[in-house]
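Report on the structure given below.
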Amino acid sequence: MAWLLLLAPLTSAFLVWVALRPYPRLSQAVSIAASGLAFLTALGIALGKVGAPAALSWVDLPGLRIEIGMTLDSLARLMLLMVTGVAFLIHVYSLGYMAEDPGRARFFGELSLFLASMIGIIVSTNFVMMYIFWELVGVSSYLLIGFWFEKNSAADAARKAFLANRVGDFGFLLGILTFWATCGTVAFDPGAARGLAGNWLAPVAALLLFCGCVGKSAQIPLHVWLPDAMEGPTPVSALIHAATMVAAGVYMLCRIFFVLELSPEALSVIAWTGGITALVAALIATQQNDIKRVLAYSTMSQLGYMVLAVGCASTTAAMFHLTTHGFFKALLFMGAGSVLHALHHEQDIWRMGGVGRKMPLTFVTFGIGAAALAGIPGLSGFFSKEEILQAAARNEPVLFWMAAFTAALTAFYMTRITLVAFLGKPRTKAAEHAKESPFVMGFPLIVLSVLAVIAGYSFFGIEHLLGGHEAEGKNPLVPMASLTAVLLGLTAGAITYGRANQERIAIPLFERKFYFDEIYDWTVLKLQEESARLLAWADQWIVGFVLVRGGAFVVSLGGEMLRLLQAGNLREYAFLFALGAGGILLLLFGR
Amino acid sequence: MGTPTLGHYLVLSGLLFAIGLAGVIVRRDLLIMYMCLEIMLNAANLSLVAFSRFSHQVRGQVLVFFVITVAAVEVAVGLALLVSLYRMKRTTKAEEITALKF
Amino acid sequence: MEGFLFWFAALVLLGSAVAVIVNRSPVASALSLVTMILALAGLFGLLGAYFLAAVQVWVYAGAVMVLFLFIIMLLDLKAEEGTPLRPLGVGAGLLILVLLGAGFWRAIPSSAWEANSARVAEANDATSIGHLLFGAYVLPFEAVGLLLLVAMVGVIVLSKKDV
Amino acid sequence: MSPLTILLLVEAAAIGLILLGASPKKVSLVAAGTNFLLSLWIYAQFPAGVGGYHFVENHSWIALGGLPEIRYHVGVDGISLPLVLLTTLVTLAAIWVAPAKIKRASEFYSYLLLLSLGALGAFVSLDLFFFYAFHEFALIPTFLLIGIWGAENRQFVSLQLTLYLGLGSLVLLAGIIALLGVVPAEERTFDIPRLTDYLRENPLATSQQMLPFLLLAIGFGTLVSLFPFHSWAPFGYASAPASAAMLHAGVLKKFGLYGLLRVAMPLLPGGAEAWKPWILALLLGNILFIGLTTIAQKELPAMLGFSSVMHMGYLFLGLACWNALGVSGVVLLMVAHGLSAALLFAVAGEVRERAGEIRFAELGGLARRMPFVAVAFLVGSFASVGVPGLANFPGELLIFFGSWKSQPLLTAVVVWGIVISAVYQLRAVRAVFYGDLPQHLAETGDVEGVARIPYVLLMAALLILGIWPGTLLGVVGSGVKGFLSLN
């Protein structure tokens, strides 16, 4: 029965791709049914009704045993619930959002493919199975980002996303190989990991595996693809680039924590990467004008938090924040989506304004999401971020202060976009004529806003699902610091953007995203293009011309020389003849 | 100087043959080449006679007899060719007659 | 005495052979060729092959050389005053001379140098050649005759005017 | 009469019928179809658990004085069966993709069948003489196919390809002779199984193995476009007609690898070990040098040509690190690369024919006009890039696992190849099918109806092998255990 989790979305994807493409309504129905079914199965598993099935052996050769099975421990159950739940809501939301797009059948097929591979990552029992679905998630994100493939920017963004993920997967695969070489198995088996314990390979394996997370969860330096991934339709951004796919990296870290904890150096590297990514992303977010890009950088920043939590050896904090973040970030993206839908895909917040009055439901739900993300006490964001700050305080005080400052920044940029987009006077005609989105898009907003509020409390059970509440080492200073940071951010945001009509602070460094894209374009592309051009020239001329044609030339040269000997000169023949005769005579009778 | 032995005669005929061959290579005129050809033939005759003499068999001399006849035939035909060649090409220099060379 | 004769004939022989090559005018080389043949006939005589010596003089010196001279006169070849012997050709010739000479020199087995060959006076070598010629070698004899015939016909055909 | 011989006879009969005037495409389609079904039947009947050769047929052919007896000895084991399946499937697809009304159609189709016959013969024959002869036999139609029906620079390219491969085969012949020379006289035989058994019992001294292995390695290496000997491949495939490129890149090129796997490595393990550093260095050339060169390509077919050369790097890595994992990976990847290369070249041919354009700069947005072909190209690209779920991934994965223990650093560099291949493959997808549609391509038509079947066949095969490699691994496992003198 548990196989349904994987089979339902896969069959739906296969059916849509093979047969149902010309019938949009049918393929939408099949896809939504599949994701609903997956959610119900996940619910069954969470309530313990459904057990883990027997594993199938995929490859069984001497020295290597890869199997396709399911681990349904508490970590997986929580993640399954969150992913299938949010996915189902987004499927419903997409019905409305993609209503008039001609390719919507293909869209739902790709959504199902994504859902299947995401579930695959969650339930995988060994590294290779996780790697398989890891790449499939990359493929489906490539397809979904490049959904409007006519748009050059979308096509480029899709390619950029896939390549960045691929670099991450390269590190991930090397990590798997190192782990397999030292521990003899690819399964998630803490016992076997003792093979890694003492030897110097432990940090290497851990950091290589972390590369996979850096690629997938858009940590610096492999983060450049996430903002461009906003080229995809908003439900895609909501599902993939907020709730699920990017969270896969953090989930993977928690799943293989038994490898990471063997090397403290690796953990501190992970913590610092997370911390820096959170800070940098938050700084950039304050200066972005496109509403989806702000949310993208905010996701990157929250992911930084989660990686920081894992780095500080507290996977429960990371998973807690991951779940709550999944809810309110999906909510924010869908809220933004319904605004874009109403404003005919106008994404620049400075051309919006006053939308709140026209779209009350969206405004309220978006406000709740923003508040939760900012970390207003009482909402889910506050509790989960609190855990992370506690963990950071325990390990690296510097990182704690960085995280606190980032929390302030988060509050700042969230108030900025909420005020500018929803309040004040409408700045363009489109903003004036905005009207509320249909209920099919509203319903998920409501559900998610409810979840965003209650998810933080213990009765909701996330804590219990994650196996107990780490009560010890509650440093009283932390809640105070985070509270002041949030208040600071809120007031600063309110003051600067209360009745602002255009951007008040211009910091080009943040606005140009720390010039990462330019640096990459200059180094990676230039280096690669130049060396490729050079090698192509070398291959064509040196290997192709000199060696191959050279060989042919030498042969024809030899022929030419021999021709000269047969010059038709009588006396020459006589001479050669005599020379030969004399030579042989001498040879025969020798000295 | 002692009486000449077989060796002396053979060396003599060898030298004569070498001179004949050298002549063919050195001179460019076809006629002279012919004469050198004759020299080489006579060198062969000399060694034949020397062998027949020192091995006490007359057979060698019969062979020389045949060689002389063949030489005569060869000269006749050769010179006829030379004449018709001369009539066509007005020269007997070996270099000019290279029609066979492509 | 006999040794002296041998060395004298050998000297004349080689000298005239070289003269054939060195002489500029064809007539001179033809005449030096005649002297060479006569010296050879002398050597044959020394070796006791008197019949052959006689044949050599009659056929070779008489017929063949006359033919040569006749052709030289017919084609009235001018002596090659102008063209000096090209060093390359001469060098090649000398190289061959030395090479072949050394080759032959080495080739001669040491046994040939003993002086065991007392000269046996041949009583009537002409008759013994006759016996052999018309005995064992009658077939080659006829073949050579035929060859002469073919040569004559060939020459006539070749020298026809309108060929 | 073993079914393998029937395979060969069917194709020969088809050629005969075509020459007698039957309509070329129909006859060859029927022949290729029956062959494919027959090979599936052979696969079904193949006793997976048992090692060794099956469907064996062995008749004496010629016994010349001084030469060991040449026998028509045919058989198939875990290693060659997948290749037979690959050949029949790609032949069917190649013939189906070729346009019916091509100039000099009867010649075109008989050359295609000859090419496939040569490859099939080489894969099933267990006699060194036939093994070599069948491959040579397949070179001739390649020359004619490229020379007559190729693109603009076909004369030069077909000549270069044939001369280069001819030279390679000569070196290979020298290698075979050297190999037989080294074997003691009374044991000298053309029969591969007997040779393998004999040499496993009493292996030769390493010094004796050096030269034969070098010659065999260079000979087979040239046929498989190992790094410095690859100049014939890229432009040969670029200007070849789609079906010829499919058959040669997809199938005939695997002969070299199969040769290394069947003849060079098992018979001369000492030589292999001695020359291993060289092979490892050269395959790096394949991955990095050719990989980057592929990125710089400006045209679709040339890029595909270079990419098929680059992929050989993986296969050589698997071969050089001679162990069960690596070799099973090599066999899997050979089949997978054959399928994906065939699919990509078919699409390239389709684009060249329908859009009349092959330069990346001039193409774009074709996905809107040719959705089916776009999907085929996407599946082919994802397969060749090694995305899980498609056949190449298990192959590459096994090779990486196989070679990691003995060569960790080098394998790490080779693994970087998956990024390089992703770069150039996605660049092609982006340039040809995504982005905005240029004016002059506005009315390019898509592949319709029956013509889609070959693409569907190839895609289905890639999917099946990708999702469940067990289908081949079971068979390959028995083959590998059987004859590898594994450490």
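Here the chain labels run A, B, C and D in written order, and each chain numbers its own residues starting at 1.
In this text, a contact is a pair of C-beta atoms (placed from the backbone, for glycine too) under 8 Å apart; a residue touches a chain by one contact, two chains touch by 3 or more.
Everything numeric in this text was worked out from a predicted model, so none of it was measured.
**Student:** Which chain's C-alpha centroid is most distant from that of chain A?
**Tutor:** The chain lying farthest from chain A is C.
**Student:** In terms of C-beta pairs in contact, which of B-C and A-C ranks higher?
**Tutor:** Pair with more contacting C-beta pairs, B-C versus A-C: B-C.
**Student:** Provide the C-alpha centroid distance between chain B and chain C, rounded to the nearest whole angstrom.
**Tutor:** 6
**Student:** Round to the nearest whole Å and give the separation of the Cα centres of chain B and chain D.
**Tutor:** 68
**Student:** So, what's the distance in Å between the C-alpha centres of chain C and chain A?
**Tutor:** 105
**Student:** Per the centroid of Cα atoms for each chain, what is the distance between chain C and chain D, given in Å?
**Tutor:** A distance of 74 Å separates the two centres.
**Student:** Could you tell me which residues belong to chain C and also touch two or more other chains?
**Tutor:** 89, 92, 96, 100, 103-104, 107
**Student:** Going by the touch rule set out above, which residues of chain D reach two or more other chains?
**Tutor:** Within chain D, no residue contacts more than one other chain.
**Student:** Would you pick out the residues of chain A that each touch at least 2 other chains?
**Tutor:** Residues 571, 575, 578 of chain A each touch two or more of the other chains.
**Student:** Which pairs of chains touch each other?
**Tutor:** A-B, A-C, A-D, B-C
**Student:** Mind pulling up the chain A residues that touch chain C in the complex?
**Tutor:** 571, 575, 578-579, 581-583, 585-586, 588-590
**Student:** Please name which positions on chain C make contact with chain B in the complex.
**Tutor:** Listed in rising order, the residues are 2-4, 6-7, 10, 13-14, 17-18, 20-21, 26, 29-30, 33, 36-37, 40, 43-44, 46-49, 51-52, 55-56, 59-60, 63-64, 67-68, 71-72, 74-75, 77, 80, 83, 85, 89-90, 92-94, 96-97, 100-101, 103-105, 107-108, 112-115, 117, 119-120, 122, 125, 128-129, 132-133, 137, 140, 144, 147-148, 150-152, 154-155, 158-159, 163.
**Student:** With touch defined as at the start, can you tell me which chain D residues reach chain A in the complex?
**Tutor:** Interface residues on chain D, with respect to chain A: 160, 163-164, 228, 230-232, 289-290, 292-293, 295-297, 323-325, 328, 365, 367-368, 375, 382, 387-389, 393-394, 397-398, 400-401, 404-405, 408, 411-412, 415-416, 418-419, 422-423, 426-427, 429-430, 433-437, 468-470, 473, 477.
**Student:** Could you pull out which chain A residues touch chain B in their complex?
**Tutor:** Result: residues 566-571, 574-575, 578 of chain A touch chain B.
**Student:** Inside the complex, what are the residues of chain A that reach chain D?
**Tutor:** Touching chain D: residues 17, 57-64, 128, 131-133, 135-136, 139, 142, 146, 149-150, 152, 155-156, 158-159, 162-163, 166-167, 169-170, 173-174, 177-178, 180-181, 528-529, 531-533, 535-536, 538-539, 543-544, 547-548, 552 of chain A.
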